[in-house]
Amino acid sequence: MGAAEKLVQWNPTDIKAELIKKYPPKVARKRAKQIMINEALENGTPEITANVRTIPGIITMRGCTYAGCKGVIMGPTRDIVNLVHGPIGCSFYAWLTRRNQTDPGPEGPDGENFMNYCFSTDMQDQDIIFGGEKKLEQAIQEAYDLFHPKSIAVFATCPVGLIGDDIHTISKQMKEKLGDCNVYAFSCEGYKGVSQSAGHHIANNQVFRHIVGENDEPVEGKYKINLLGEYNIGGDGFEIDRVFKKCGITNISTFSGNSTYEQFATAHQADLNAVMCHRSINYVADMLETKFGIPWIKVNFIGAEATAKSLRKIAAYFEDQELIDTVEAVIAEEMPDVEAAATEILPRTGGKTAMMFVGGSRAHHYKELFDELGMKTISAGYEFGHRDDYEGRRVLPHIKVDADSRNIEEIVVEADETRFSPRKTEAELKALEDDGLKFKDYEGLAPDLEEGTLIIDDLNQYEAEKLVELMKPDIFCAGIKEKFSIQKLGVPMKQLHSYDSGGPYAGFKGAINFYKEIDRLVNSRVWSYMKAPWQENPQLSGTYVWE
Amino acid sequence: MGAAEKLVQWNPTDIKAELIKKYPPKVARKRAKQIMINEALENGTPEITANVRTIPGIITMRGCTYAGCKGVIMGPTRDIVNLVHGPIGCSFYAWLTRRNQTDPGPEGPDGENFMNYCFSTDMQDQDIIFGGEKKLEQAIQEAYDLFHPKSIAVFATCPVGLIGDDIHTISKQMKEKLGDCNVYAFSCEGYKGVSQSAGHHIANNQVFRHIVGENDEPVEGKYKINLLGEYNIGGDGFEIDRVFKKCGITNISTFSGNSTYEQFATAHQADLNAVMCHRSINYVADMLETKFGIPWIKVNFIGAEATAKSLRKIAAYFEDQELIDTVEAVIAEEMPDVEAAATEILPRTGGKTAMMFVGGSRAHHYKELFDELGMKTISAGYEFGHRDDYEGRRVLPHIKVDADSRNIEEIVVEADETRFSPRKTEAELKALEDDGLKFKDYEGLAPDLEEGTLIIDDLNQYEAEKLVELMKPDIFCAGIKEKFSIQKLGVPMKQLHSYDSGGPYAGFKGAINFYKEIDRLVNSRVWSYMKAPWQENPQLSGTYVWE
Amino acid sequence: MLLRHTPKEISERKALTINPAKTCQPIGAMYAALGIHGCLPHSHGSQGCCAYHRSTLTRHYKEPISAATSSFTEGASVFGGQANLTQAFNNIFTVYNPEIVAVHTTCLSETIGDDLPQIRKKAIKEGKIPEGKEVIGASTPSYVGSHVTGFSNMVKAMTDLAEPTGTKNGKVNIIPGWVEPCDMEELKRLTKLMGVGTILFPDTSGVLNSPLTGEYKMFPAGGTTVAELKSTADSMGTLALGEWCSADAARQLDKKHKVPCKVLDMPFGLKATDRFIEALRTIAGVNVPDEIMTERGQLVDLISDMHQYFFHKKVALVGDPDQVIAMTEFLVSIDMCPVHIVTGTPGKKFEKRIREITADMPFEVNVKAKGDFFLLHQWMKNEPVDLLISNTYGKYIARDEDVPLIRWGFPILDRQGHQYFPTVGYKGGLRLLEKILSAIMDRKDRDDPETKFELVL
Amino acid sequence: MLLRHTPKEISERKALTINPAKTCQPIGAMYAALGIHGCLPHSHGSQGCCAYHRSTLTRHYKEPISAATSSFTEGASVFGGQANLTQAFNNIFTVYNPEIVAVHTTCLSETIGDDLPQIRKKAIKEGKIPEGKEVIGASTPSYVGSHVTGFSNMVKAMTDLAEPTGTKNGKVNIIPGWVEPCDMEELKRLTKLMGVGTILFPDTSGVLNSPLTGEYKMFPAGGTTVAELKSTADSMGTLALGEWCSADAARQLDKKHKVPCKVLDMPFGLKATDRFIEALRTIAGVNVPDEIMTERGQLVDLISDMHQYFFHKKVALVGDPDQVIAMTEFLVSIDMCPVHIVTGTPGKKFEKRIREITADMPFEVNVKAKGDFFLLHQWMKNEPVDLLISNTYGKYIARDEDVPLIRWGFPILDRQGHQYFPTVGYKGGLRLLEKILSAIMDRKDRDDPETKFELVL
């Protein structure tokens, strides 16, 4: 059954009221500002409160700054030894749990790959009392002696900041001592900021400060770009790279799916930055533009149409007929399979409804795929998005910076004396803009959602359960923590962080995978088993019908 | 604890009385004749009754004629399609259940090997009513069309004889029709004879009649022998062949472990027949001598000493110094490992006791191994042996042939006009005999057992349980059917038909395997777990001792 | 290759069975008889049959299997087995003293036409069967049907003991069919939870999964007692689990003693177990207790959690009709696709039933009754599968075709656990799912390229 | 190779832990708290901790895991978490209305020195904790001990609820330690069979193996009730299963309420289960019922049947101290040889105990407390084994070294069954043997040359 009749008795305002009515007044007031009924007006939408503190005691989906920094951004880096300075837990939980895939490819089986390893200083109480600097230093040395990596990254967990271990100085000293190993640190204590988002920012800063631009050896390639904010979950990055290769586009560096140290180090040689996950990576995009003169555009490779559109944008940017033709040829070659799959599956998915509460961009990206399946997104939101991710970058100037955000370093970048070179003149950029190519722009989620759609920031478990009970979506998308409470309600739940164990869902082949997966989920007969026959028809006729 | 003190309160006569006292008089009388208290006299032992009917209703270890023919003798033949004519069961039960190993070796992965297959005409009621000849004919044709084997052997199960299917004529006709495939049949209905033994005889007859001597292409080799009555259970044959090879002895054909059709067909070119299992194969040995002039000697490769002894016998027969020296060298090379193993294990096995009730020769052969382990055989017997297997071939003339045996064909063989050639002159044989090499001779089990040892023919489940309860052996050896009733009594049981899943136990390496296996069994801590702590010490002290 | 001579091309075979997926009636009769307390099965034929059946059952259960035989000789085969059987009765009762002897025939005694009832009558007359001891007999010609038929015939023979007392016992007869001892235990646990008094027959629990204590009991504690078998005539009804294994006995009780019956599928998997519980619920007019509801919900939960790994995986399935039918329904219910289905037992209605169950599956289905492993293997060569469910003989195909194997059915000669961990009921369903999952995931972990190797599944 | 950088040569590491065999205290405290009925665990720290623990427990159980957090910000970290926690209490009881909130600390709140008891007192005073609701707190600094320590600390905190009424309740407290929900169920089944009234705490059965019914219960049916926890002070004694997991709580009850205690090994395997049953028997002065005797005998039977396959097989074993100690004893008792033994949890007495258990093994034993998977892997490279028993992280080593893996312990992220099929008790022993056997035999079937491929094992 489509969502329509299910929704009939509800309007968004009632639902919003339902969601917050049980809260203590203070909480209710705060949550009210984070729940927006979309008006989808040309000239923007009402303001939503986002990137604010999580309410203590309210069961949130959010993680911490360390998770955003070590887990999300640095997690996928293959040949960097990621050493966590702190008690064992933080390092343990971030060990292989995000399904970032990596391919030591050319170097083959002997290529450096530390992603299957977990490195920690395993701080003990005496380290907390007397300080952990010596132990960190020793740990860096032991890691170096065992593996001789080209780079070691140090991550701070909560106590480190409090006890005042100077991880940056230690790293600097060890870098000098070791000579052939770049060592640097991230002050990504879990208590910083209000969510993973702060960790992204901190990671962006240090990667840019310590790695980007380190290698000026020219990278070959006709159309050189970086792909920013793609983490190769379930092999998404592999599929996108497959398409790039087919188009003749050289992806110098992905931030940070399937990435290597050298890719970051040479990223400044690209002529365009294509930004996937705006939330987690826009800082690097901006800094690359300021320091090296590389423009950036927002792209989205989730959804076949979106992929085609993004490829066309890139081709348009390079203003090269050969590339434009190749891109069109590739699209023409890839789309038939996609359309065939859609045609077969659409009859079974069309008219169904979806909810998405993930990340800082995925909720937006995946709406594309559900559109292609004829499914309506009836509610969506981000776990750690900012206002600009909802309302678009046009609101950036108006976002008030609160205490939590102010604590996150904002590094000032200037044009590189020797290496800054604008890839396009102002005029060229203007011309491209007039042809519809938007630079440094992101319009956010809201405009893409229908009027009346509930947009909810930092959705929590209580609201999720209520939403599902009230609106009965055909599918709900979030993360592992939410998966089973939703499914207990008899609604299939798809993880859009880890993809359960599916993927890739990006690009053309990914779209087909996703169509099939959603078809499997929303049409699974499993949900019909929840009630036993005698629950359907409980009365006890004393006489059993024998043969 | 050694057997000694356990036995103290029993003497063999009492035990024998115990074993039969519960029987109805008729049964008691019969069993009394099959239970012999060994006197181990130089000039022979008292007479035992053997190879007589099993008593209906008494749970026997025995199988049937079909099992002896198809299962034992023909089972290990690799490249012959063994087609069972009858209802499905007989064929199913003989499918891969005997652990005969085979090695399509030289021909590699493409070498013919039908041993993993099970072929049956799966007779249905209409076949019983209207006869199964047409179906058999068709089945032979289908087997030929699918596999193009060089030979197809047909086996009759119980109903076939009764409904009068003429399997021999069918086989003859099909052999002619197919041209390049030797087809022949075995009338081995299960009801014939009194045990597997009749099946051995029937198999011997047909193999000799239809295969042996079929191929006169000379076989190369300096010291050519056949190994008779070795079935390569658990790889015994592989080990023996390894030793032969080392000694430079050419084993033309093993009857029938790891055998091929061609080996049988060229067996008449050997200069000596070495007989392992006297019971199952002596018929072929005799016929080969009569028809082709090949003498036979009894050998035993179970036990390191026995293996050395048997090799020396063969060397002695060929009267060739080079062979004699090689054999001595091989023995000198192999024995140290064996002795090392024995020295290590003997302290743990010495003085323990064993019982063996298997086959028609194994009970005798394995006594050798237990001797090497310092273990005493306190009772033994055969499942389907004849008097000569107990008392030696000297009693052959005195064995009265009863109705059951008379029904088993006794084929008359004459010297082959063209191919008969005595390998040794009467004088040569005499000389060798004088040097202690016995031809065509087997002294049987009894002389090798201590005086007073209980020798029991066709031991049944009831007697086995009683024996174990009364004499508490440290290990009991028989077949799969007996394994677990014995072990329930807390006595380890070793299968000497299938070796459980162990082996090889023949030759030098086999001896070491057996030492280790018996050490594991008689010293296993498992048997100490049968009683729970509270059974050892059942009284209930009301007050529990807390910390 | 172990089965290197098996060609991909399939040619029709009219007379030749290769690698059978069945064996003969008597072994089924013997297994069934072991489910009666204090019973000694007796094979009326040449001793080889008995030896083979005991060996096979022993290898499957790793337990002692006691059974006697008439040890036919050539003479008996000509003049009839009456003398042997009568003598056997005398020896059996004297030496082993069972409560009851359950005689089954063989192709031999059937071909010569021995008349069991008449021999039994005569033996009683001659006092060869002591007062208070029972002898039942089943005609189990090896050249008809299969081991399943023999099982069914012996279970049917048990109903000869049924003796109406005139007053109902308020119980339900449950005929479990050819399942493992632990399955019978599990059925008893479920009916007990439901609060339904039952007579389960046969019942091999406590017989073929007995403890090691240092004592050998020829007749262990378990099994349906003769008294219970007599009382089956007084039960309110009979639930026969499995058309092939159990229906005849149930209908016999109906025919002879007006005990109404219903034939259900064996309760393997969610739906068949639902029908079993629903039947107990309505017959006894009780509510389904929370404990059972929880077990059911756990099974549904695991299905939903793991559905992504089951979805559209292809399965080859071979076994006995009742088991295979229920398993096919279970596989289909979790969106797996049994594409090759074989039973060695004849019966066109088997193929019909399978076609119904698999009707809306996205793949074409090969199904054959009276088929064999050779055919199944050829099918697999033509359309490969992700999983093979079979008795131990499937391991040769599994290794050659490099397909994961789940051992299920009879006989299992090379693994342990089947006699201890039930696969019937909701809990049994959990075990089946666990086995299927490990099979699929072990293979995934083995074959995934390192780039795709997963920590979390 | 997945772990291609792991060298065979072992070099001493003073500061660097690689591939840990432990995690931090709070997750243990959270798991323990889930074993109280109607309890919401609360993590007093930054929200990342809570998110990580919930994710890991969810991946292990494939069940919803509800827990709240104080969501520290930088401010809270400077000025203390009292305000956050008090606000959390208010929100929790208003929105989720649990019976009890079980608070555990983190490295963050411990480092800044938050004082739970004081915060709790204040919150009660301010009415942030409603009448009749309970709050317990455990100090679980991540930089001390391991997840096992955290579990133990939370179980100890449960004893703060103990309230003597003056009259004994005639029951025995049983502290099962960190075992699976189904293990706790099995322990309850065994004590019930023994006729011993017990209070089992914590008890996650019915909480972390809940059914799929279309209804989401934040607080499922299972768990030890607050009333039961209060009553622990009136029990006749406490059996603590596992020195590391359970002893502290038991000794606390002894100290505070004179409830005598005994620390036993976790009942994995024959001997440890014998000691557990023997303890129940003597405490309650009852006889061991046949049903348990039969289960025991079945375990002994399977050991004897399969001994030939276990004999002198080498095993690498990694896990938590109490589990590994019991498993080591079990392996040795079936003549297997655990040659490399690691726990990530610190504790010299672990190494001592293992050395005692393995004293007369024919091979040298490597044992390390506060060890890691990296070291275990290096040991395995130096002396290969036939079997690895480990949590899911062992799969990387298993694949690289081509060693069969049995998943046992925490966390298991890639297989199902562990929450449904117990490994404690005699029946649990049967399951362990089945798993060990299949692991060994699957490998045998894979590796045997065709000439040695076996039908019967």
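Note that the chains are named A, B, C and D in the order they appear, and that numbering of residues resets to 1 at the start of each chain.
One rule holds in what follows: a contact is a pair of C-beta atoms (placed from the backbone, for glycine too) under 8 Å apart; a residue touches a chain by one contact, two chains touch by 3 or more.
What you see is a predicted model, and the numbers here were worked out from it, not measured in a lab.
Colleague: Over the chains that touch one another, what is the least number of steps taking subunit A to subunit B?
Modeller: Contact-graph shortest path, subunit A to subunit B, evaluates to 2.
Colleague: Just give me the whole-number Å value for how far the CA centre of subunit C lies from that of subunit D.
Modeller: The separation of the two C-alpha centroids amounts to 39 Å.
Colleague: Find the geometric centre of each of subunit B and subunit C from their Cα atoms only, then give the gap between the two centres in Å, rounded to an integer.
Modeller: 34
Colleague: In angstrom, rounded to a whole number, how far apart do the mean CA points of subunit B and subunit D lie?
Modeller: That gives a centre separation of 54 Å.
Colleague: Can you list the residues of subunit C that touch 2 or more other chains?
Modeller: 1-2, 59, 62, 210, 212-213, 293, 296-297, 300, 304-305, 393, 396, 450, 454-457
Colleague: Two or more other chains in contact with one residue: find those residues in subunit A.
Modeller: As it turns out, subunit A has residues touching two or more other chains at 95-97, 109, 484, 487, 530.
Colleague: If each chain is a node and each touching pair an edge, is that a line, ring, star, complete or other?
Modeller: Drawn as a graph, the chains match no named shape, so other.
Colleague: Quick one: which bits of subunit D touch subunit B in the complex? Just the residue numbers, please.
Modeller: Those in contact with subunit B are residues 237, 251, 254, 260-263, 270, 274-275, 277-279, 281-283, 285-288, 293, 296-297, 300, 303-305, 307-308, 311, 333-335, 451-452, 454-457.
Colleague: Within their complex, state which residues of subunit C touch subunit B.
Modeller: 1-5, 7, 11, 13-20, 22-24, 26-27, 42, 45-49, 51-56, 58-59, 62-77, 84-85, 87-92, 94-96, 106-108, 111-112, 141-144, 146, 210, 212-218, 344, 374, 393, 396
Colleague: Of all residues in subunit D, which touch subunit C in the complex?
Modeller: 1-2, 59, 62, 206, 209-213, 293-298, 300-302, 304-306, 392-393, 395-396, 399, 413-417, 420-421, 427, 430-431, 433-434, 437-438, 441-442, 445-446, 450, 453-457
Colleague: Show which residues of subunit B lie in contact with subunit C when the two form their complex.
Modeller: Touching subunit C: residues 22-24, 27, 53-67, 83, 86-97, 109-110, 112-114, 116-125, 127-128, 135-139, 141-143, 145-147, 157-159, 161-163, 189-194, 403-404, 407, 461-462, 465, 479-481, 483-490, 530-531 of subunit B.
Colleague: Enumerate the contact residues on subunit B facing subunit D in the complex.
Modeller: 95-97, 99, 101-103, 235, 238, 484, 487, 498, 500-502, 517, 520, 524-527, 529-530, 532-534, 540-542, 544-547
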